[in-house]
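As written, the chains take the letters A, B, C, D, E and F, and residue 1 is the first residue of each chain.
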Amino acid sequence: MTSSSSFSRFDGRAQDQMRAVKITRGFTSNPAGSVLVEFGNTRVMCTASVELGVPRFKRDSGEGWLTAEYAMLPAATAERNRRESMAGKVKGRTHEISRLIGRSLRAAVDLSQLGENTIAIDCDVLQADGGTRTASITGAYVALADAIKVLQERGVVPGSPLLAPVAAVSVGLVDGNVCLDLPYEEDSRADVDLNVVMTEHGEFVEIQGTGEETTFTRAQLNDMLDYAEKGCRELVAAQKAALGI
Amino acid sequence: MTSSSSFSRFDGRAQDQMRAVKITRGFTSNPAGSVLVEFGNTRVMCTASVELGVPRFKRDSGEGWLTAEYAMLPAATAERNRRESMAGKVKGRTHEISRLIGRSLRAAVDLSQLGENTIAIDCDVLQADGGTRTASITGAYVALADAIKVLQERGVVPGSPLLAPVAAVSVGLVDGNVCLDLPYEEDSRADVDLNVVMTEHGEFVEIQGTGEETTFTRAQLNDMLDYAEKGCRELVAAQKAALGI
Amino acid sequence: MTSSSSFSRFDGRAQDQMRAVKITRGFTSNPAGSVLVEFGNTRVMCTASVELGVPRFKRDSGEGWLTAEYAMLPAATAERNRRESMAGKVKGRTHEISRLIGRSLRAAVDLSQLGENTIAIDCDVLQADGGTRTASITGAYVALADAIKVLQERGVVPGSPLLAPVAAVSVGLVDGNVCLDLPYEEDSRADVDLNVVMTEHGEFVEIQGTGEETTFTRAQLNDMLDYAEKGCRELVAAQKAALGI
Amino acid sequence: MTSSSSFSRFDGRAQDQMRAVKITRGFTSNPAGSVLVEFGNTRVMCTASVELGVPRFKRDSGEGWLTAEYAMLPAATAERNRRESMAGKVKGRTHEISRLIGRSLRAAVDLSQLGENTIAIDCDVLQADGGTRTASITGAYVALADAIKVLQERGVVPGSPLLAPVAAVSVGLVDGNVCLDLPYEEDSRADVDLNVVMTEHGEFVEIQGTGEETTFTRAQLNDMLDYAEKGCRELVAAQKAALGI
Amino acid sequence: MTSSSSFSRFDGRAQDQMRAVKITRGFTSNPAGSVLVEFGNTRVMCTASVELGVPRFKRDSGEGWLTAEYAMLPAATAERNRRESMAGKVKGRTHEISRLIGRSLRAAVDLSQLGENTIAIDCDVLQADGGTRTASITGAYVALADAIKVLQERGVVPGSPLLAPVAAVSVGLVDGNVCLDLPYEEDSRADVDLNVVMTEHGEFVEIQGTGEETTFTRAQLNDMLDYAEKGCRELVAAQKAALGI
Amino acid sequence: MTSSSSFSRFDGRAQDQMRAVKITRGFTSNPAGSVLVEFGNTRVMCTASVELGVPRFKRDSGEGWLTAEYAMLPAATAERNRRESMAGKVKGRTHEISRLIGRSLRAAVDLSQLGENTIAIDCDVLQADGGTRTASITGAYVALADAIKVLQERGVVPGSPLLAPVAAVSVGLVDGNVCLDLPYEEDSRADVDLNVVMTEHGEFVEIQGTGEETTFTRAQLNDMLDYAEKGCRELVAAQKAALGI
């Protein structure tokens, strides 16, 4: 494993250790599913709302759909970031993360069992300290599970659309050392940043690795994937504990 | 007082009774001031961030400035509302409320004591059940007070810009009965809706009354203002309790 | 009454005196109703156009609808203001006033008597000298009356939707003195600005009072409302004279 | 000349006859130049405002600049047209006409004599009955002349930037007959529509001819240009009469 | 003819000589018609795509429609120009040219023979060296012809909608000399710029002449039209050769 | 290796075989670097333009910057796609790919050797048949190399900023079989899609793998990475051959 004996993380964690993870269900009461997820100081409100009908491209398919939108509250970051609605344009980064969350959650739902209904996932970051996209995916799965339960109870959903849990975590290379679940302090100076979305069964839903400042080798990738697998396994356990399953 | 002996509110409150009010300071840690304010089921995250410098029209004035932005999270309402950044346009209602909050809070700060700094207030509604604008103003004052304290401690603010507390409440005519602090269930069928912003000293900062479905008399206005005064007095007490002053 | 014996208005008017009001019907010929309204040097073209059908939320209700849009021509102000269509964004102030005009005029029409038709009010300020929103509302009522007469003659409107006249005026506190119908010169240095929309019968449709620079007492509010009532009574008389009723 | 003995215009005019032209100076008082121009029922408010400084591409050139914006009020047309600021996009037709007016008026001003000032022309159509762009150019010249006089009196403009009058008129082929100054009724069924901008000296500033429904021959073009020359000569006379020169 | 014996063009061409014209059919394979047109160094990709159905204003008319969009690739010009999609607004110039191309090509097609189908013309400038709008029109006709052939083969188009060829060329006054088909070097310093769209039969579809820096006489216009006629005749020959007709 | 003996690709290629790759330098002449890259039927025009100065966040850093924009011409796809400038909004997919290209190319340039200059990469897809983002990156490197050479010749660039070649390729799982360089026909029905950006030295710059319809195992990922490495090696060879190095 790529690591130097002298390296220590600024918050004292082991290199393969997650931050404290907390998942609070029923955070708000209007949406069918509402979860506050915390990865250390990162806090995201994840909701799953149900809308009757499906977008045009799914009409008359007999299947449902799932969309996702991610946003950062203006005061979530250390320095206030401009509200996108007022700026009049949505940042590329926001689009990118919204699309990632949508794809990841669609891997957790069997659309053919959903009827012609749409589930709208919203992930709004209340406080940002690195890993907002991975926390969003992890929390959104729990909100999704709650929403589907509501739909089933109301008789809206004909089948059993919920699939195995999906969770996500980031891994990075910090000063050449593989580290799991980077907070902002590490993320901002990491050479490589890898986000991994996995199912309960250890299969990949999505991997996105980037090394803008530097490049990374196949061996480093393998080390990072090992850490990610460990992290996702723990996150799925937290999801299941929260859901009481 | 305009009221029928047989009238009773759906949640059992007296006509001049506020919902439970809760003000939580330090709700998040990045902005200088961060407050969660609750009026019953209405929950708003109010933050006060500090930005160096002032907008162009205030440059070289030696004074500071304060702006405010209000927004509703998509899942805050009973039915999901479309995210304004994605819709590409900000609703008139949002603009209207943002401007109201800005004007109200500027009445609570002496800009000449602020130095050439800007305080950005953000009020993001996590859960909406009527009275989101009045809760926003009430909570934002507390966030503002915290932010100014931080600025003073850091030596950024030269003077003592914080003025007397400002709070806001809604009053309405429901089936001809004056009611204080309307939740959504009452608000949606009220004939008249009056929002009042007041200082600790019982002076008006802003009043906005509208009777789209009907009109209202001078006598009804006077009754509503009496209720509003009572509500604001209680809200100021809650603000001061939260601030420990 | 709050006034100092030594106070005199820059244009010589008494404190409770309106500027010269002029209402010209048939100002243009394409819309069903077209009025030029003048409050002193403030001149607004108010039109009422009829569109078949109603917005989605009113469809199949059997009722009609009324919308309003307000705009300032670029050269209306002392210093040219940027054209909103070219700037690509509509100012919050414009949204706010458009919404106020719409609510106010809906109080002058019985939508259930209108059939599924929409009346579109447009208020375009040709020359601005304070009070553009109150002049707009006052003139728009006359344009509305003309439009409804045309609709009735054409047999489009089944019933008698026109209700009692609605007029609007501004009152302010200038150097501590209550003044009626403020021109720009007074408005720009007023401590408090109150806009009042009233029916012919002296009932309120809307009141909006703001004191950004200062606050105002209940007693001052009462004085201002007295002046506003007087102003609206005179404006309704002018509307009726113009309509020959 | 292309004409059939049996052809007669719906308003009784001769084929080479202009509609009644009326130019009212001082229509509003805020801008340096303000003109209401009428070609029959077409009425356009043309203003010339002065802004200190020039756009970036002219900075430090020692020269001035002139821009123009054209817009149609929503109620100007027989059927209400949507307000471009609310639609969120400016129509291609609007851009096209704004650019035409700008180029045409720049031919009437010696930018090197203007100092580093910008003249902003606004042409807002109050009532549309064909020929709005040609009426705009014709009226805007008069507003420009007034604005330059004001600038000279104030000592802002160092030289004598005003050049010879520029006027514009439309000509068309209606049922194969050349007609001058088309109202909407003719314009909407014309086969060819030619707009000509000319100086007092009979030279062309701009010609734009289009025959979407059909094509036109060189001979027809020549006939149309003869009529246009007559029309522009008369319009320049009207401009000079209005300006008292 | 307006010309001085001593004048010579910077690329050695005679004043009435076109640049080398090249028309390549089948430039790409997805759209029904795809052409690369070159006027010297100006290169435009012109495509004609077919979309089922027609815009709302043509619905149930039994007729088809044709639209056109023009754009400049960012790197087409000597200095990179900003991508309009990223800038968030389409330039007036782009709108103007798109509309010109649309009108010109509609003169080459009998919409009543097209069935309720829409042909979308796209002209994307790969390399710009003056005359991009005239090259676009000339190339687009060939793409249109190919698309209509495809539609006829597929049995989509009921009739024979293709009309006689339409081509376009620019003429200008350079230092007082009439010149045909201006490259950027001449265009940027020309006093007058005239774009002419003609049919195979020498009839005008559109003429647009502008002299921002100066004006032009009727005699100069006549000389320019003679040159344009010669240019268009040669372009139609090139179109026919490319189409093998 | 995951493959079934009976599987064969619709175009007859071996599973680990690239499509024909063609790189044409000097495709247009205005930008400093201009390349047409072809991966089979996918054709992308890649240009590198130089702009003096750097964005605000890099000012006074002594370093340069590189940005990238990707776009699809409307007629590039089988069915015409709407032009983003006219739609008024840029799709999330476009943003995502533009950002990917930018990050990838920044790995090929030493910004500290560039001086305070910005290189703007534009990748415009003329014809799309799968793999447009990977072809864009591969072609853009060659355009970048040409642009830097020009800059060095002109003396604009002080150092040697060009780093080792960077190329990109897609790999996918089609009916459970790993396939290299997917055309649209395979891409649209692939279970997993992995895009890999690598340097000449076999190190990763970026990996993005997604399995919306399904998930993928670590073993499948390893097989896909092996194929990608082979593909990138061949692409770098093609880049070097094109550059004559």
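Keep this in mind: a residue touches a chain if its C-beta (ideal position, glycine included) is under 8 Å from a C-beta of that chain, and two chains touch if they have at least 3 such contacts.
Each chain and its UniProt protein: A, B, C, D, E, F = Ribonuclease PH.
Remember, predicted model here, so these are calculated numbers, not experimental data.
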Chain labels contacting subunit B and also subunit E: none
Pair in D-E, A-F or E-F that repeats C-D, with over half of contact pairs matching by residue number: E-F
Turning angle required so that subunit A lies on subunit E, C-alpha fit (0 to 180°, nearest 5): 120
Whole-Å gap between the CA centroids of subunit B and subunit F: 51
Inter-chain centre distance, subunit A versus subunit B - centres from mean C-alpha coordinates, in Å: 33
Subunit B-subunit C separation of Cα centroids, rounded to whole Å: 27
Multi-partner residues of subunit B (at least 2 other chains): 88
Complete ring sequence of chains beginning with subunit D, oriented so that subunit E follows: D, E, F, A, B, C
Complex contacts: residues of subunit E adjacent to subunit D: 92-93, 95-96, 98-99, 103, 106-107, 199, 201-212, 215-218, 221, 225
Residues on subunit C engaged by subunit D in the complex (per definition of touch): 28-31, 34, 41, 43, 45, 47, 49, 51, 69, 71, 73-78, 80, 83-86, 88, 90, 94, 120, 122, 124, 126-128
